[in-house]
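Quick heads-up: structures coming right below.
What follows is chain A paired twice: with chain B in the first complex and chain C in the second.
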Partner chain A sequence: MQQFIYGLLLLIALAIPPIAHFMESVMIIHMHMQMPMVVFAGFLMARLFMDRFPRFFDKWNGNGVPGILLFVIIVGFWTLPRSMDDALTEQSVEVFKFVSLSLLAGFPLRDSWKRLNSLGKNILFIFFTILFLVVGWLYIDAPVQLCNNYLVIEQITLGWGFLTTAICIVIYLIYITFTDRTKYE
Partner chain B sequence: MIKNRHQVISLLVVFVFGFVLFYTGTDGFRAFTAETARVNRLLDEKPKFPKITLEDSKQREYSISEFKGKYVFITFLYTSCTSVCPQLEMNMSKVYEQIPKKYLGKDIVFLSISFDPSRDTPQTLEKYRTYFKSDGETWRMARVPDKNELDALLKEFGVTVIPDGYGNFTHNSAFYLVDPKGSLQDVMDYKKIDEAADKVVKILNQEAGE
Partner chain C sequence: METAINQTFKTKATKLLGVNKEDAKISKTYLFVSFVILLVGGFLGLAQGLNRAGLLELPSWLNYYQVLTMHGVFMLLAFTTFFTFGYLYAGLSHELGGLLPKVRKFVWTAFASKIIGAVLVVIPILMNEASVMYTFYPPLKAHPMFYIGLVFFAVGMWLCNVGAFIQVANWRKNNKGKHVPIFSYFATGINVLMFFALIPVAIEVLYLIPWSLGWVKTVNVMVSRTLFWAFGHTLVNIWYLTATSAWYVIAPKLIGGRRWSDTLTRVVIIALVIMNITGGFHHQIIDPGISLPVKMMHVFMSLAIGFPSLMTAWAMFAVFEKTARKQGGKGLIGWYKKMPWGDVRFLALFISMASFAPAGAGGIAQTTNQLDTVVHNTMWIVGHFHLTLGVTVALAFFGISYWLVPYISGRVLTPQINKLGVIQTWIWTIGMIFMSGAMHTVGLFGSPRRTSFTTYGDHATALGWNPYMMAMAVGGTLLIIGVILQVYAVINMMFFAPRGETEFPIAEAEENASPTPYWTERWGLWIVVMLLVVAMAYVVPLTEFIVNAPPGSPGFKTW
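Presenting the complex of A and B:
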């Protein structure tokens, strides 16, 4: 219950117009801070529902694959330059951004992650590494302004943000491959 | 087995949802950037050029009805721009050169509109136009002195202009073609000079043939 309240408070705080406007005024904060924080808010809120309706999640998301796929689809959608622009210019898309990233990405991530086996987890990490490398390269190398609401320089900054995130995932993957974590537990 | 069936169903639901989401979010996989979406929408809607007052480099003031019965080939710029605008205007001049002389001024007029009226005075535009061999008659450069009217025009034609705080603007660029009745007929890629010129000449030839 406590987690649900924290999550809800975080979500409300992020949605307060002055805060939302501030975060959205910088492209990289919009995509790499605001959006993940909304996902995290959903992640926190999910606990309450998982405890209340364990049967539902067991039945429909037993191995975690449907849930994680939903997560991937939602996150993938929000990396499109078009979605970001639309969120800034259309109120309904902005509302959908908060709803989808919390309920349809944060929720299923929480429920699915522990259900996935290590192969599934690794596939997901590798998928996001590739996605971030491709999107990062796209944002850095695009000869044109992809978002009408942001400057090209911000686009390049965001691209590097994606690349560094991808590099961090790779470092993590190498780390878990070559260390035996049971030794430290 | 039962458990599996449920998961197959939820997988399918997720897939269908994802498909619908991407389909609607990109106008049926046609527009992955807002700029493409904007052009598609303009071509669908064909907005009318609003009734606003233009002031050209010769300090003449008129509205779009000055060009009634003629096609108007339009670009948006500001003269202090050092990146896209000079290239945009250079490309425009190349299109201009490809239009047969007999049509110029009679069936089609070229018009560069500045969205920086405070700096782009008629004197500035008068000087700027000479860089691109614009004659000030069949290719005019003008500003929109009234801020509200300017905003209305930019909004109608979907031109997004963001001041960067250092006196420059970032903006989307294209060639716009307004038909003799004052409605937007086409939005063309400003980098594809020959394609745009061919298109315009073809339209003019058709009109002349009638």
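Presenting the complex of A and C:
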């Protein structure tokens, strides 16, 4: 219950117009701070529902794959320039952003993560690394403005944000592949 | 398995036989060099203080800015680096059953590299070819040898970091599933932070070398400053973390108590490692080219470091009070009487900690844009870092020396030297109160830092600074007495004090503590989190500086 309340408070805080407006005024904060925080709010809120309706989740998300697919689709959708633009111009899309990232991405991520086996987790990491590299390259290299709402310099900044994040994931993957935990723990 | 047994046997052996001879030689050499540098650096500081008070005119072959560059480099970089590694490696050797032969090789190679580096840095300064201060901001251009020396020095630091990693990893292999002992845990955090903090400045210097050689015509000033402070800020915090390690691990033992919560101690270390590098931006609050929202974000990032730092203060006072009450201390403040004030090892650590209160408060003020516009580049800043570095860090190092030097030299701390140390500690404290107090005040009145004596054509405002400058000179004079006493004490304890066993005072964990969770050992994970935080902080401004760069700047020799 406590986690649910924290998550809800975070979600409400993020949705307060001046805060939302401030975060959305900078492209990289919009995508790399606001959106992950909305997902995280959903992640926190999910606990209550997982405890209340375990059977529902067991039935539909037994091995975690359906949930994680939903997560990937939703997050993938929100990395597109077009969706960000729409969120800024259409009120309804903005509402959908908050609802989808919390309910349809944060929830399934929490429920699926512990159901996935390590192969699944690694595939997910690798998928996001590739996605981030490609999207990062797209944003850095695009000669034109991709969003009506953001300047080219912001686009390039966001691209570097994606690339550096991808590099961090790669470092992590290298670390877990090449260090043998059983030797130390 | 065999090595494991071997290892525990060795651990017990060093506990019984005291310090390992070869490892002691390492620490002795590092500490000796460190205090010699302190001695020279102290006289340079005195020369500056006397000059600014109008009492001393420096000769043309050694002008104010040469002295200032050398004082900064010696004190901020060399004294501290040599001390830290002498101290950390003594602890690693003590706690982890002696250094591995391979690690010793690393540390000696590192020593050679650092000495070569230091010589290469000092020569051009003495030739008046590198009066660029320890910050070496372009477009000020030094002789290439200066930058090459810095590279050697940095490589020396890196080798020491890697040596420590090897030592700790080896111990973990032989002690599966156990927590790295607390002192070595501090050492790990400090080395991780240093290893990564050196990367940005190495990139900067590797660019400045071809620029100073004339192969590249221009340099991006904002990028250089940003890369420098990612390092410079972190470096200062590394010295702070080194001092903190003594507060947490050593101080409780000296007063006969136990450590504060093991879990929370480790969490503080992790937090300081993760959040530190991004604090560099608070040194650039007045820099152009950084937009206000980004500066705003960095105020929060800086203040975030304040949180674990404040936790530290709270934790230490809790430990002191608990111990003192156990020993019969009473009343709201009466328990203070139970503390061993006559023991220099404790007194110096205590004043080091207490000084962090005003130092931290000043730091928080400077992090605020509006307040910083008043004090930026004034003597206030110099007052601030003589509190943080000159008291919090330096006094902690001095306090450590009174047991560490006897420990590695197989000698004891005599009552005479203890008394001398207590006197030294008070002289240092009073000297710094004078000097730093005067610097803070005169800074508020606008007296600039990094400026040799001038009355600005007898301008009334500038003349009004003079009384404070006198107070500064008085403080500086007391401080040089302090330096001399301190160096004398170190030499005495290293070579002349009576032989005997001195303990490496590591406090036990608190009683019936809950077990520390194992995730505190997952450094790989924390490093990745740290890198993510760094990326978050630096991507926005660096992209802006590079993509929207103004024409680069050629080098200038303004002196």
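Just so it is clear, the second predicted complex is superposed on the first by the 181 of 185 C-alpha atoms of A that agree within 3 Å, B and C clash if a C-alpha of one lies under 4 Å from a C-alpha of the other, contacts with A are read in each partner's own complex, and residues count from 1 in each chain.
Rule of thumb we're sticking to: a residue touches a chain if its C-beta (ideal position, glycine included) is under 8 Å from a C-beta of that chain, and two chains touch if they have at least 3 such contacts.
Please read these numbers as outputs of a predicted model, since none were measured by experiment.
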### Query
In the superposed arrangement, does A:136 touch chain B (first), chain C (second), both or neither?
neither
### Task
Could you look at A:161 and tell me whether it touches chain B, chain C, both or neither (first, second, both, neither)?
second
### Message
After the superposition on A, what does A:171 contact: first (chain B), second (chain C), both or neither?
### Response
second
### Query
First (chain B), second (chain C), both or neither: which does A:28 touch?
second
### Task
Could you say whether A:7 touches chain B, chain C, both of them, or neither, answering first, second, both or neither?
neither
### Task
Residue by residue on chain A, keep only those touching chain B in one complex and chain C in the other, then list them.
none
### Message
Applying the document's contact rule, which stretches of chain B touch chain A when the two form their complex?
### Response
3, 6-7, 9-11, 13-15, 17-18, 21-22, 25-26, 31-38, 160, 162, 164, 170, 172
### Task
Mind listing the chain A positions that touch chain B in their complex?
59-63, 65-66, 69-70, 73-74, 77, 80-83, 85-86, 89, 144-152
### Query
Of all residues in chain C, which touch chain A in the complex?
169, 172-173, 176-177, 293, 518, 521, 524-525, 527-528, 531-532, 535-536, 539-540, 542-544, 547-548
### Task
Mind listing the chain A positions that touch chain C in their complex?
22, 25-26, 28, 32-33, 153, 156-157, 160-161, 164-165, 167-168, 171-172, 175-176, 179, 183-185
